[in-house]
Structures are given as structure tokens and as C-alpha cells.
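Naming follows writing order (A, B, C, D, E and F), and every chain is counted from residue 1.
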Amino acid sequence: MTVFPLPATLIEKHVSAALAEDLGDAGDITTLATIGANKQGKAAINARKAGRLAGLDVAAAAFRLVDPGISLTARATDGDILKPGDTLLEVSGPVRAILSAERVALNFLGHLSGIASATSHLVEAIEGTGAKIVCTRKTLPGLRAFQKHAVRCGGGYNHRFGLYDAVMIKDNHIAANGSITNALRAAKKELGHMVKIEIEVDRLDQLEEALKERADVIMLDNMAPDMLREAVTLAKGKAVLEASGNITIETVREVAETGVDVISSGWITHSAPNLDLGLDYLDT
Amino acid sequence: MTVFPLPATLIEKHVSAALAEDLGDAGDITTLATIGANKQGKAAINARKAGRLAGLDVAAAAFRLVDPGISLTARATDGDILKPGDTLLEVSGPVRAILSAERVALNFLGHLSGIASATSHLVEAIEGTGAKIVCTRKTLPGLRAFQKHAVRCGGGYNHRFGLYDAVMIKDNHIAANGSITNALRAAKKELGHMVKIEIEVDRLDQLEEALKERADVIMLDNMAPDMLREAVTLAKGKAVLEASGNITIETVREVAETGVDVISSGWITHSAPNLDLGLDYLDT
Amino acid sequence: MTVFPLPATLIEKHVSAALAEDLGDAGDITTLATIGANKQGKAAINARKAGRLAGLDVAAAAFRLVDPGISLTARATDGDILKPGDTLLEVSGPVRAILSAERVALNFLGHLSGIASATSHLVEAIEGTGAKIVCTRKTLPGLRAFQKHAVRCGGGYNHRFGLYDAVMIKDNHIAANGSITNALRAAKKELGHMVKIEIEVDRLDQLEEALKERADVIMLDNMAPDMLREAVTLAKGKAVLEASGNITIETVREVAETGVDVISSGWITHSAPNLDLGLDYLDT
Amino acid sequence: MTVFPLPATLIEKHVSAALAEDLGDAGDITTLATIGANKQGKAAINARKAGRLAGLDVAAAAFRLVDPGISLTARATDGDILKPGDTLLEVSGPVRAILSAERVALNFLGHLSGIASATSHLVEAIEGTGAKIVCTRKTLPGLRAFQKHAVRCGGGYNHRFGLYDAVMIKDNHIAANGSITNALRAAKKELGHMVKIEIEVDRLDQLEEALKERADVIMLDNMAPDMLREAVTLAKGKAVLEASGNITIETVREVAETGVDVISSGWITHSAPNLDLGLDYLDT
Amino acid sequence: MTVFPLPATLIEKHVSAALAEDLGDAGDITTLATIGANKQGKAAINARKAGRLAGLDVAAAAFRLVDPGISLTARATDGDILKPGDTLLEVSGPVRAILSAERVALNFLGHLSGIASATSHLVEAIEGTGAKIVCTRKTLPGLRAFQKHAVRCGGGYNHRFGLYDAVMIKDNHIAANGSITNALRAAKKELGHMVKIEIEVDRLDQLEEALKERADVIMLDNMAPDMLREAVTLAKGKAVLEASGNITIETVREVAETGVDVISSGWITHSAPNLDLGLDYLDT
Amino acid sequence: MTVFPLPATLIEKHVSAALAEDLGDAGDITTLATIGANKQGKAAINARKAGRLAGLDVAAAAFRLVDPGISLTARATDGDILKPGDTLLEVSGPVRAILSAERVALNFLGHLSGIASATSHLVEAIEGTGAKIVCTRKTLPGLRAFQKHAVRCGGGYNHRFGLYDAVMIKDNHIAANGSITNALRAAKKELGHMVKIEIEVDRLDQLEEALKERADVIMLDNMAPDMLREAVTLAKGKAVLEASGNITIETVREVAETGVDVISSGWITHSAPNLDLGLDYLDT
């Protein structure tokens, strides 16, 4: 899988907002008061812990938007495996600008690399099984495009981006329609031919009903490995099967080995801890 | 300490953006295709795990902004201690609107309550020591006001909100000025009388220099408990002392018992895991 | 097929912008100078020509956003068939507000109903064939969500909303990959399980190649009816077939009768003429 | 008449919004998945049909905003007469960027050139009569500045841009004031010296009343050619006369030959069909 | 002359921005820390000095946007003459909200009433002469619509609102065209029939040239009263005459008595001092 | 004291908005109609009156944002003392762009330099006393960051920027808490360690109470010089003392000589007159 770059306009919009959040109306008063406008310097962002890189273009944008005169040299690429001490980005130019952009750059980079790292742990845990790790809509408000990008940097795939780009029929939708059959027929009747339709099932008889109505994807919600295996036996090749619910690094391989196609995790976007990274100033 | 409400205009701006992120141009196509416009329903947001509540007004706004006709009944308040099963918010009205707003509401509520819960663990761990837990600028881009609010819901206090509202002199600022003395004098000379000045020190001789120049706050960076105790002996009553660096639930009490005034943690905002909450539909 | 409401926040955002475009900084100077603030009145939006209604909520929002005190009574619903003289919306309240909102309301309503009407002509022309009319990305910048909604009001379906929600592999993508096979494999390998994949073909051998690689949807570009029929024979049931290229009211039925599933038209969104509607003031 | 460039900041704002509408959070997933980041290419936007060019700077901005590294060579200028096959713009650079910007560029260019072409047909039809074709406020929401620019590209002139920049007194304003005389006096008394005042009349006695009160411009609403000629006899040289109502390519010359100064058409902005243009990729 | 209300959407947009500027991310920390959420109170905005009122709706919006639950009673209207002690607006509701909105409300009200007051002094000084006081484009960035409104509240009229709504030909435009005649002909040839054309002249021969070309308005720049009188003799009834340059309360009547139609002042918008107003809390 | 540059992103945001306010949808129609696109020219912004410079970067941004091809040479720096005739900025490039940006550039520059000049008069009047002049929150809505910057250019210091970055306890906050002691304790208990706390007092016994509770800053509201002197005797060295209320150029030195630390003036931001500056075109 390739890592896709984030749209440049998305990066600029969110990094500008983050800089405004940190600089406010008065700016970086510490730096303005203690560092001269002409002082030049050099620094590098280095990994402090092992992990997976995500957000380097975003971090670079933070420096560039504070001062287009800063010069930036990337020493790594999104998706790279990081060892402690690895240099990711070198920056040189006015010290004021470097100091003022530092925290915004690190906040993006540490958070996104944390997600990439968490994802990569799950991906590595299921290596060879053929299953894919995917993210969910359990993302942090305003950061979804960035978090979904980070998941890909960690070797995961993206589920739908929002309520708008694919159908996911859950128990309430089913209940309101009386049956899985009715709910799937309603979705197919109402929506265009470019929309994939997924439905959530808890039991194997529901799975059979969903297969009969040719759902594109079936989410097997919180099923134990044995039931997942039965589901795979029933459905393999007829629909994409997605296992979901309480996926952890300890349980993920067992789930993957049942033969499901896709395993989804909310944890990698809503709870992955920050990856430890820092900016080190270099003597010049 | 009281929990302050977030400014209403901040809530509206961020929740609207989060809804736009989730609904896109096509809206909640699953719900539109499978649920009738007139179907009414009732649901409740319930805690699945124990923790501390933050973001209830934000979650409520998600429902209200999707449909002002939804009726909302708060069953808890930000800052409340939660047990599994506690009901936080009851919503009733058009099922379409409830389903379309659900994820945005839960994404805010789970994230912010996660921060409040993580904060409260540190706060409880140091109970009786007189020290305070504070957050940092290591927040997730675009969410700082919300995260700082959540820290207060967990019993913590806020450090500065950004680069603009207080001075924090770090090693690079000191180096550029030649000495702690020079850096502090520069800050005092340049800035107005309403700005607090903090300086970061690694050693006790630096602490003495900072005290001589009457820094308002001194950050003791990554000092071991013994050195912190010495610092307290030297400085107590002359400046506010802030301990910082690798604070964990295991180490925080030992740090607090050294007598420092304030203990700062980046972890509570950049790495606190989501608190498990869910929306349960009620038969009507 | 049901008509879905547009997200309320989308309506408000675009109608506010349209009002700002028309009112500028000085406001409706004609009305301010010649109509007193207290003058009340009543008016109705009526169809002048036959057609299909789209955009009634949008038109209503124009009046409501200029003055929340205007009272509005809808006499029709999006998707309704209109005869000349039919009343769509009654407004009453301050005359100043009615006059100031009138043009924005009519500009939206006439344009969107024009699209719905044009779509409905194509839909009616192919009645009974089982094919569906769909729109494209050939929309007017900034109005896509509204135009896609209008297509549904006319009985058409939506194709993908943008570059982001489905794959459409065209000749350039194929050329860059060396073959249809390679292009389809690349898309499947790179993208998640919730994304439908369509590919454009000009010849029947390409169609066979696309079927072998299990494209979800195949666009038959500019094929004559005979070739379309052959394509249907080859592919029916194996992939959704979309006919595209120079679809007109004269040719559409012949195309539909070949047995294709979907017929796409750029004309309905980029060139449909305005439906004639007007606001008539009522004596009170 | 010269074609004026659109303000650069207007172009950037609207093209950015159009790109965001098309790219969403995930970007051009087809291109990202099937075209390598380093692949370079070359393409040209060519006219497929005869017409009049409008929007070239806008189309160029679409490519530039997706990737500032794209190189652009204009082969025509807004206002140019186009023959089928004419090249308008050459683009070269990363193929990903060319493909991602293509549709937004063409959507603007085809729409605006459609308006310019429709306008030029009316302008040519009245050549030699001394009358001018002007547009109205019947524009598509959010696109008014662009559409008004396109009218000029087709040889037409602009009427007022909105409710804010000139007075247009219609029947309702007259009715509320009791008479044309009162309405005109109210407008003159209330408004500054830089505002032109137009009034709409249906009959010749109204025209005489409006002339007596020295209206700057008088709109002759839906008058037959004979009545228009009488109006010209009465008013020529005393006020600018504008003919309005159901102007078509068939009727426009007869109207112009009555001697009116200005003929306004809503059709050229709300109903002009798209001009057929396309992007052709060149082997390199 | 009537005072027109500002468009409600303009008020909301600018007052929201002003509140965000004052409240920031943390809100009104003084009030949050010292006043309970439930405390109710009552206050009145009173004039401290004599003057003319402008901006009451804007001030009211500040309170309403902080808390829709505040109740507001207007005791005056824009354009009213104020004596010291006059009550303008009564507010009652949560004390927190009153205190948090107070400064934004007063900042708008004091500034706009300052402009209205300064304008009214000029207007009163020329009473009976038949001349009108008008403002210019010398306004404070971002506040133009509000300042132009305040000028009307003081009895003045508005000149053009921006570069977009009327023509003003100055010396550089004349120089670039070789002569006044050429410049005026260029403007008439290029622009539509709804645009008024003003030209600036320094000498009487220029005035005659401008009259010959039928400029709508002629600005007599920095002419002494004697020359203004000659200009009036030459031009009265043929064009609107505007006197401009160093207008003060001492000189304005002499200028008005020359017979010019309009006198423009930059001072009333760029330099008018604040009108002293205050919020007084009432015991309840 | 050093003059700090304004954050570049703040400048761009506000100057873009100001240009949009002046250019509207139609642009600078006078210049477009009378000046050719290729005409090049040169001009300089010169001081017409003596004063203090503020806003040069902002003025430069106006030209650059209209046309990045304009070349700009600064001949002065913010904070410089200006004599009549001094050149501040030279601009050369397309005449259209120079003319279109001129007014926005001058409106910012004249207003901000007016504030800097007014501030510098107060600063010079108290030279040698050791007191500092500071501004308040009595600023013009939307321009606060720019006005606070201008105050520094005039040699003044900034008070808090908004309600969010420092505490200012006024009579209403005190009344709601029952006493100065209670109010100060509430603020200290509720708020973090990085927030300075100021309290307003009218009498000396209140001052003593505030000192006892260790307020950081005490505002002496509207006290006569004798009482100020007593306050200084009581409080010097224990808290920062701020004199406030009706500060004028005539009274400021007497106040400063009482020994207070800080003197605040609302007048310098809400009422300072524009500094006279102009753009002069140079023959080329």
C-alpha cells in the first residue's frame, strides 16, 4: 500500500488554524522579547522513541507558514519506520520563527505518528493472515482527514470517511425497517450505484439474510472467534467480512486468523498515545 | 475549583465544523435511505466505564445543531464522577437527527471525558499534598480550548493557553541572551505588567539566579525528587515552583510530596485514552 | 425514490453567502428608501411554467435569514410536479424583508427546479426500461450539493459527489498503468473496502478485461446503441453498466432500451435552463 | 469595451472552495491510487465548439492552487472568439495535479464561456443599433461576480451588481409610496449623490411621470415594439431607457431598433448552456 | 433623511468576531471566577456626554450573542440626540453574560456614536444652506458599513461605499488618459448605465471640460471659497458639485454658503473621538 | 522597548478582508476603465505631518496582496519618528494595482500611526518619571491586535489583550463577592498560576485590603494626585500600581510624578486622530 499525500489546501487550512490558536493576537511574546529579529539558527526534529512516521508535510507547513524564509530538509517520509534518534526534518532560518512554530509542528507530528505507530502494531500482529486493519469514524473532531492519513502511514486502510460516502446499516436502521432484508432493499432502492452498502449483524442467521440481499460488506459485531470462523465459512467470497468490537493487540491475530477480510479499530484514532518526538537545536 | 462553561460561540463553531466533517455534501445517506422523516425516538448517552465527565454541553450542541427540534435533558454536569451505566444525556425527537448527530456527540464526549478522567487520576493521586496538576500546550491542534476545559473538569488547572498569554523562557531563550539574568531582564523590560514570567531551569544554581531576578514561576525540568526538595527549600514562598517531565500516575505523588506548587503533564492532553460511552436507544 | 432533505447547516451557509452577495454593505437601498420599516405584506411564489420543484427549503431559508419574523407556509414539497400557476410558498411579514430576500429565493428555486425539470424529462423518457438517470461531476462550482439534490427531485440518482467518494478510472489512469488490468489492480490494492470502483471503456475487449478484474461499475463511453447492446449481453449481472456521452432527450430512450443500468448526463447540471417562477404580492 | 480582470483574491477564494468541494477530505483517490507521484505530463484545454472565452484566469488558478509547480501557458484571452479545436491553455507538470484540477477548471470555464457565448449572440444580433445588452441580478447564487465578468467577455455590459449599488424602483415600491412621483422623491431624498436611480414603468403616462421627476434610468417593462418606439420618442436624451422582458435571440433586434439604450436579459446568466470544452492529454 | 437599519447578518458577523477577539479561548476568566452562574442582575447603558446615537442594535447584539437569555429594552433609537444621563439600553439577566458582553457593546456604541456626533456637528453648522455632508472611503478597515451607517445617524449622507459602486476619476487617472475629456469618455464607454461618474478637478478650466463631457458629479478639490463660488456659477444645475479638502467645523459653513451641493469629510470617519457612554449596574 | 512585528498570518487575514471590503465584486472600476493593464508606475507614501510610524508591514501587505508583482522598498520602520515629508514606503509596478491598494494601505497606516503618535505624546510627557503608559480594552472592534501593536510603536506598553489573558476585578465583581478579600481569594482559588490578578480600588482602605490579599496589580481608579501619592507610599514595592481615569496630555505628568508604575489610557486607542499621510505618484 502506498501512502497518499494529504491535499495541500487541507494542510494549509488546518495548520493556519492551529498556529492562530497558539499565537493569538499577541504572538509568541517570550520569543519576541528575548530573541532578536535577525538571529539565525538550525534545529532538527528527532524521534525519541521507535514508531511509525505520519504528518511530516504537516509539520513542515507549520514552519513555512510562520516564515516562508525558513529552509526545510526532510530526512524521512510519512510511513517510515523510526528508531529513537532518527532525524525527520531539519529546519534552519530565523530562530524566532523556529521557536514560534515548534509546538504546533510537534503537536501534529506526535499525534499523527502516534496513530501510525498504533496502527502498525496491529498490522504487524496480523501479518500473513490476509486481513486488513481499518479505522472507523471514532476520530477526534476536526482532525479526521489527518487521522485517516496517519492510519494509512501505519499500514492500515480507511473505512468510510463520513456519513456521506458509504452506507452502514446498524441495528437501529434495521429495527426501523422491520428486517435486514427491508433495510438493505431500502438502501439499494434509494441510493446511487456508486455507494457501497455495509450492514452490521450480531448473529449468523442475520448474516445469511444479509448475504441473500447481497450486501457488499457485512460487519460481524462483537463475535467470538468461533462464530467469526462460521461466518467466514458461510460468506467467504460472497461479501466482504469486517470484524469489529474490542480489538486489542492481544486479540487481533486470533480474529484475523478466522479468515475475516477486514478488522476495524476505533482505538487507533481515539486513543493512540502520542509518539515522543522533539526539536533539538544545533550549534551553528 | 469550579468548572467554567465553554463560551457558547466556541462550542457552536467547533461542533458545526465537526458536523460538516461527518455529514459532507450528501448527508447521512444511510439514515436518509432507511428511516422516515417523521419517525420519532428516544435515546440516552450512558457511561460504559467509570470516569469523569467533560463536554456535555458540546455533545448537546451536536444534537441541537442537527435539528433544533430535538429535546435534550441533561442528567449530569461536567466534572461529575461517572459510574458505568450512569445516564448523562437524554435525547428525544426525530430519529434521523438523533442518528446523524450521534457520532459527533460521542467523539467529543468520549475524548474530553477521557482527558478529565486521566486528569482526575493524577489529582487524586496527590490529594492532600497541596500541589496542583496543570496541563501544557501539548494539545491536539484545533481542540485546545476544549481540552483545557476538560482538564478543569478533572480537577486540574490550566497553564498558559498559548504563546500569547504568558512568558515561558526555555533553554534556547536563555542561550540567546547569554544568561538567565539577561533573559529575565529582557522579558521584564519588553513586556507589560499583566504578563506572568516563567523560566525553565535544570540546576539549582540556575534556580538561585532566577529567584534573584524575581521570576514569577520557575519550572524545574526533569529533576529527581531529591533535587526538587532542595529546590523547594531554596525557593518556597519566593516563586511558584512547577515540576515537569515524565510525570506518571506512579511517580506523581512522590513529586508532589517534595513540596512543589504545580505539576505539569502533557500526557493528559496528548495521550489520554477515550472514555467509553455509548448511545442507547429506548423503546417508546 | 424518496427526496432527501439537504443538511440544514449546508442550506444556512450557502443562503447566507448568497444574501451577503446581494445585500453587500449598504443593503437593499431601494427598499430602505421607499418602504417603511413597519409596513406588512403578503406574497406567494408561483410557478409560471410546468416543471418539477426543487429547493423550496432553500428559498424559505432566504426569507427566514433576512428576518426570522417572516411567516412561511409551504404549499408544495421538493419533487412535486408543477403546473403553471401553482403556489409553492406563501410569505407574510415586513414588506422590506420580503422584497430584500425575493431575488435570492427565486434564483435558487428557479435554478434548482430547472435541473429537476430537465432531469424529470429524461426520467420520463425512459420509463419502464429499468435504467436510471444519474448526474455527473459537471456541476457549477459551489453549488454541487444543491444540484445533486435537484437531480433527485427530478427522479434521477446521484453519481459520486466528488473525487473523494468513489473511484472512476479513465483513459489517462489506464494509460499510466499500461492496461485496464493493472489500473484496476492498483485501485483495489490501494484503497479501502468501502470504495466502489468504476472504469471507463471504449471497446468491448476493454469491457471484457474490466469484467475479468471485477470492476464494480463499467462506463461505456460514447458507444452506439448496437455496441451498447453487445456490452449488455457480455456483462449483465457481472457489473453495473453506465452509458455516457451526448445523452439528449431524443436519444436517451434508445440508449436505455439497450439494457444498460445507468445513463449519465452532464447536461442536467451544467446546462439546464431556469424554471420560470415568480413572486406575486397579494393585497392585504 | 475592454474585458476587466476579476480581482485575484475573488478568484482564489472561489476556486479554493470549488477544489475543496471536489477533493473533500480524501482527495482524488482514483489518481492517487493509479498514478505515481513523480509522473509528469502535458495537456491542453481545447474548445470543442465555437463560442466566446470567459474564465481563463479562473481555470488557470485551479491548476495552480492544486500544485504551484504546474506550468501554465495561456493561448487565448478572455473575450476571444473561439473556433472548435482552438487551444486555450496548456498545462504541464505532475500528472496527479493535472488530473485532480481538471474538472474544477473545466466546470468554471465551460459555464462562464457559455454565458459569454450567449451574450455575444445577443450583442451580434443588435450590431449597429447603438443599444447595449446588459445582465440582471438573475444569477446563480455565489457566482455573480464571475457571471457578470463573463457577460462583459461576451460584449455585454453589467447592470447593478446587487441591491446595494443602485436603486431600482419596481411596482411594489411604487405602490407603497402611492405614486411614481412619491417613490422617486423618496429615493432622492434618502440616498446619496453617487447612486443612480432607475424606475420600472408599464405605461407611457408612467414614463412621463418618471421623466418629470428626472429618474436617471427608466425600465420599460414588457412593452411591445410600438410602445417602445413611442417611449423613445418621448424620452430620448432625458433618461436612459432600458427594455426588459422576454428578450430572445429572435426578438432582440426588433427591440433594439426601437431606439432604446439598453436591453436586459436574465437568460444569459440563469440559463445559458455550457460551452463544450475539454482537456486533451499530449504525449510527451 | 431616515436612518436605515444595518443588515442583521452584517451585525451578527462583526459582533461575533468582536466577541471572539475579547473572549479568546479561555473566556472572561475574571467573571467566571468571581460571579456565580445563577446570579441575575440589571444594568443600563447611559450617555455620559451629549451627542448623537449610533449602533444601538449592534450593542444589543453583543449581549444577545453572549447569552440569548438576556432581556433587552431599547430606550432610544439610532439617530437620537443624547443628553448626559440619557438611558439608551436596559439589560437584565445573568450577571456573567452582562459583564462579558459589556466592553464589546460599549466599544461599538462609543465609536459609532462618536462618528454620528461629529457628523451632526458639521450638519448643524451648515443648516439652511442646502448642502449635504457626506463621508469618504477614509474609514477604519473592517468597519466601513458600520461607520457609513453612523454617518447617516448624524444626518450625513454616504458617498460611494467602495471602489466597486461608483467611479471617481482622480488626477492619476486623468494623467494616464491625457485629459479630462479622454478619462471621462473612457469611463462612459467601459462601464454600464447604472454607475455614476465623478471626477476631481483643481481648476475652473478643468471644471468646464468636465461639464462639457457631462460628468455626473464634480469634486472641487481644495478650492478656496471664492473659487468654489465661481465654480457654482459655472456649473449649478449641470452637475452635482462636491467640495473636498480640509473641511473643519470652523470652515464648513463658509464652504456650504458657496452653493456647492455636497461637502465631504474624511475626518468624521477616521478621526472622530469616541462618545463617552457607560454601563451602570442597578440594584435589584 | 522593542517594537514586535505583528504575526504575518494576522496581517494577511485582516488586509485581505479590508481589500475585499473596498474592492467588492466589481473591483476598482474607475481604474479598470481608465488605466491600461500594462501601465507601470512608481509612487511613495510620505508623511504630511510629524508623528510616529505604525503599520508599515500592514500597508505593504495591501499592495502585495493586490498584486504580488509590485515591488516595495521600506524607507522607515514601525516606531520611527516622522517629520513632514519623510518617505515611508516606495512602491513600483502596475499602476492599476497601486491605485487599487492605495486607500486600504493608507487607512491602516494613518489610523495606526495616529495611535502611535498619540501614545508617544503621553510617553514623552512623562519622560524620566519611571512610569509606563499602557492601553486598555477600549479598542475598535476587529482591530485590537493592530491597535495594541501601534501603542508599542509609540513607546507604550500593552495591558491585557482581552478578557481571557489576565484578571481584572472591578466593583461589580467585588460587590458580588461581598468584599475585596473574598473576590481576590475566589480568583486565586479558581485560576491557574500563570494568570496575573489586578483589582480596581477607589479608596485607600480598599488598597490596603487588596495589598493584604497580595493582588499582583492594583488599579487606582480616578484618584486625585494627592491620594495617588498616599497610595504609592502605602503600596510601593508590594504591588504594581496603575492609575486610571481621565488621563490627558495636560494631566499625565502630574499623575506620573506621584510615583505610580503604570498609567492607562483608553483615549489612545478609541479616539486618537488619524496621522496625515499620502501617496504621491512619481514620474518615471
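One rule holds in what follows: a contact is a pair of C-beta atoms (placed from the backbone, for glycine too) under 8 Å apart; a residue touches a chain by one contact, two chains touch by 3 or more.
Values in this document were obtained by computation on a predicted structure and should not be read as measured data.
Trainee: Common contacts of chain B and chain C?
Mentor: A, D, E, F
Trainee: Can you list every chain in contact with both chain C and chain F?
Mentor: Of all the chains present, those in contact with both chain C and chain F are A, B, D, E.
Trainee: Taking mean CA positions as centres, which chain lies farthest from chain B?
Mentor: Measuring from the centre of chain B, the most distant chain centre belongs to D.
Trainee: Over half shared or under half: which fits the residue numbers at the contact of copies chain A and chain C, same or different?
Mentor: same
Trainee: I'd like the Å distance between the centres of chain B and chain E, where a centre is the mean of that chain's Cα atoms.
Mentor: One centre to the other, that is 44 Å.
Trainee: If you average the CA atoms of chain A and of chain B, how many Å lie between those two points?
Mentor: Distance between chain centres, rounded to whole Å: 22 Å.
Trainee: Could you tell me the distance, in whole angstrom, between the mean C-alpha positions of chain A and chain E?
Mentor: Inter-chain centre distance comes to 52 Å.
Trainee: Got the chain A residues that touch at least 2 other chains?
Mentor: 2, 21, 23-27, 29, 32-33, 144, 158, 161-162, 164-165, 189-191, 195
Trainee: Quick one: label the inter-chain contact graph as line, ring, star, complete or other.
Mentor: complete
Trainee: Give every residue of chain E touching chain B within the complex, in rising order.
Mentor: For this pair, the touching residues of chain E are 16, 19-20, 23-27, 29, 32-33, 37, 65-67.
Trainee: Write out the stretch or stretches of chain F touching chain C in their complex.
Mentor: By the definition above, chain F touches chain C via 21, 24-25.
Trainee: Residue numbers of chain E touching chain C in their complex, please.
Mentor: Touch residues, chain E against chain C: 2, 4-10, 144-145, 148, 158, 161-162, 165.
Trainee: Hey, which residues of chain C end up touching chain D in the complex?
Mentor: 14-15, 17-18, 21-36, 39, 95, 99-100, 103-104, 106-108, 110-111, 114, 137-144, 161-165, 167-170, 172-173, 175-177, 183, 186-187, 189-191, 195, 266-267, 270-271, 273-274, 281
Trainee: What residues on chain F touch chain B, complex-wise?
Mentor: Listed in rising order, the residues of chain F that touch chain B are 1-2, 4, 132, 134, 157-161, 164-166, 189-196, 198, 217, 240, 242, 261-262.
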